[in-house]
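Heads up, the next two complexes both have chain A, just with different partners, chain B and then chain C.
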Partner chain A sequence: MANPVEQFKIEPIVPLEIGGVNVSFTNSSLFMVVAVVLATAFLTLSVKGRALVPGRWQSMAELMYEFVANMIRDNVGTEGRKYFPFVFTLFMFVLFGNLLGMIPYTFTYTSHIAVTFGLAIVIFIGVTIIGFARHGTHYLRMFFPHGAPLATAIILVPIELISYCSRPFSLAIRLFANMTVGHIILKVMAGFIIMLGIAGIAPMVFLGGVTVLEFGIALLQAYVFTILTCIYLHDAIHMH
Partner chain B sequence: MDVAAAKQIGAGLAAIGMIGAGIGVGNIWSSLIATVGRNPAAKSSVELYGWIGFAVTEAIALFALVVALMLLFA
Partner chain C sequence: MGMGIRVGVELIAGIAVGSLIGYGLDRWLGTKPWLLLVFFFLGAAASVLNIYRAVHGLDDSVGLGQAQRRKRK
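Right, the complex of A and B next:
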C-alpha cells in the first residue's frame, strides 16, 4: 500500500535560491496562486454586470460578502468593519485552500503547519497590537477578570496567560490537523479499495461518505477559523 | 523491545485520547437536539454555536491523532 503521507510532500516546480534561502516556487505556492486567481476571478467577474437584481453568480458573490460581513457585525460590532478586508481575505484563502484540496491529485496548502501557523501568528500578533493600541496597558487587565478576589490572582493570571498564548497554536493545529487527517483517511480508504478487489465495494461506499464529510469539514474549518478570528478581535476591541 | 514496535504501541496509546473528544462532541449534539426539541423556534440561534462547538471540540481529538500520526510516520 502506498504511503498515505506522501501526498503532503512539497515539490519545487521552479527551483530558486536567494542567498542560501530556498525560495523555489513549489506545488504549495502554485495552488495558493490558483486559489487567489480563482477567488479574485469569481468575485470580480460575477459582479461585472452590477445588476440591481442579482443573477446567479452575482448572488453567490453577494452571499459570501454578506456572510462574512454579518459574521463581523455580530461578533465584533460596528467598529470591526475596518477589519473586514482582512477577515474576508482570510476566509476566502482558507476556504479555497480547503476546497481545492478535495480535487484529486491537487495539493492542500492548508494542510501544512507552516501555512496555518503563519496565518495564526499574524492574527495573534495583530490582535495583541490592536488590544494594546486601543486600551494601552489597561489591556493587561484582560488576564485578571474583573471582580475576582485578589488571592486567586496567583493561579488565575498564569492560567489566563497560557490560555491566551495558546490561541495561535490551537487555531493553526485545528486547521492543519483537520485537513491532514481527512486526506490521510481518504488515501487509506482508497488503498483498501484497490487491495480488496471485488469486495472493494464496501470501502468505496464508505469513501463516498467520508468524501462528503470532508467537503463539509473543508467549509466548516474555514468558517471556524474566521469566526474565532472575529471572536479574538472582539476580545481585543471590547475586552470581554 | 525494538523502536518500531514501541512506536506502534505509542501511536495506539496516543489515539486513546480521542475518547474524551468523542464524548464532548456527543454532548454538544445532544444538547443541541434537546434545545431544538423543546423550542423549535430557537433552532437558528443555537445552530451556529453547535457547529462552532463541534469544530473546536473535534480539534482536541485531532491533537491526539496528530501525536499518533507523528509517531507512526515521522
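Right, the complex of A and C next:
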C-alpha cells in the first residue's frame, strides 16, 4: 500500500541556494504558480467579452467577485472597499490551492503549515498595523471589556492579548489540518480498495462520499479564511 | 468534525502562544522560570476563552464584549 503521507513530500524541481538559504523551486512553488496563473487566466479570459448578458464563464467570474464583495460589505462596511483586491486575491489563492489539490497527482500547497501560517501572519500583522495606524494607542483599549472593574485589567488584558495573538496560529492550523486530514483519509481509503479486491466496492462507495465532502471542505475553508480576514479588518477599521 | 478540529486547535494554540510569550520574556528579562509559568496559565485561560467563543458561535472580533455585541446585532 502506498504511503499516505508521501503526497505531502516537498521535492525541489530547480535546486537553488542564495546566501546559504535554500530557495529551491519546489513542487509546492510550482503549484502556487499554477494556481496564480489559472486564477488570472480564469478571471481575465472570462470577462474578456464584457457581455451585458453574461455567458457561463463570465457569470462564474461575476459570482466570485460578488461573493467576496458582499462579504466585505456585510462584514467590514463600505470603508472596506479599498481592501477588496487583497481579500479577493487571498480568497482565490486559497480556493485554487484547495481545489487543485483535489485533482489526482497534484500537490496541495495549503496542506503545508508553512504556507498557511505565512498567509495568516501576513493578515495578522497587516491588520494590526492598520488598526494602530488608524487609532494609535487607542487600539489597545479593545483588549479591555466594557464595564469590567478596572482592577481586573491586570488579568483580563493579558488574556485578551494572548487570545488575539493566538488567532493566526489557530487560523493557519485549521486550514492546514483540514486539508491534510482530508487527503490522508482519501489516500488510506483508496489503498483499502486495492487491498480488498472485489470486496473493495464498500470502501469505494465510502470514498465517493468522502470526495464530495472534501470538495465541500475545500470551499468552506477558503470561505472561513476570507471571512476571518474580513472580521479582523472590521475590528481594525471600526473601533467601538 | 469541523467543530472538533476547531476546539482542539484553539486549546493548543492559546497555550502554545502563551508559553512562547512567557519563554521569550524570560529569556529577555532573565527571570526563568516565573514568567513562563504565569503566561502558561494566562495562555490556558485565553484558549478556554477562545473555545467559549467558538462553541457559542461568536466570531473572532477583538475582545469578548465586542464579539457578543456583534452576535446580538
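In this text, the second predicted complex is superposed on the first by the 239 of 240 C-alpha atoms of A that agree within 3 Å, B and C clash if a C-alpha of one lies under 4 Å from a C-alpha of the other, contacts with A are read in each partner's own complex, and residues count from 1 in each chain.
In the analysis below, a residue touches a chain if its C-beta (ideal position, glycine included) is under 8 Å from a C-beta of that chain, and two chains touch if they have at least 3 such contacts.
The shown structure was predicted, so the numbers you read here are calculated from the model rather than taken from an experiment.
A.B. asks: Report for A:232: first if it touches chain B alone, second if chain C alone, otherwise both or neither.
C.D. replies: In the superposed model, A:232 contacts chain C only, not chain B.
A.B. asks: Is A:158 contacted by the first partner chain B, the second partner chain C, both or neither?
C.D. replies: Second partner only, chain C.
A.B. asks: Does the superposition put A:166 against chain B (first), chain C (second), both, or neither?
C.D. replies: second
A.B. asks: In the overlaid three-chain picture, which partner chain does A:146 touch, first (chain B) or second (chain C), both, or neither?
C.D. replies: second
A.B. asks: So in the superposed three-chain picture, is A:223 touching just chain B, just chain C, both, or none of them (first/second/both/neither)?
C.D. replies: Only chain B is touched by A:223; chain C is not.
A.B. asks: What's your read, chain B or chain C touching more residues of chain A?
C.D. replies: Of chain B and chain C, more residues of chain A lie in contact with C.
A.B. asks: For A:44, using the defined touch cut-off, is the partner it touches chain B, chain C, both, or neither? Pick first, second, both or neither.
C.D. replies: neither
A.B. asks: Taking the superposition on A as described, I'd like to know which of chain B and chain C A:174 touches: first, second, both or neither.
C.D. replies: Both partners, chain B and chain C.
A.B. asks: Both chain B and chain C touch chain A; at which residues?
C.D. replies: 170, 173-174, 177-178, 181, 220, 228.
A.B. asks: In the complex of these two chains, what residues of chain A are touching chain B?
C.D. replies: Where chain A meets chain B, its residues are 3, 5, 170, 173-174, 177-178, 180-181, 184, 220-221, 223-224, 227-228.
A.B. asks: Where on chain B is chain A touching in the complex?
C.D. replies: Listed in rising order, the residues of chain B that touch chain A are 51-52, 54-56, 58-59, 62-63, 65-66, 69, 73.
A.B. asks: Could you list, by residue number, the parts of chain C that touch chain A in their complex?
C.D. replies: 2, 5-6, 9-10, 12-14, 16-18, 21, 39, 42-43, 45-47, 49-50, 59-66, 69
A.B. asks: Could you please specify the touching residues of chain A with respect to chain C in the complex?
C.D. replies: 142-147, 155, 158-160, 162-167, 169-170, 173-174, 177-178, 181, 217, 220, 228, 231-232, 234-235, 240
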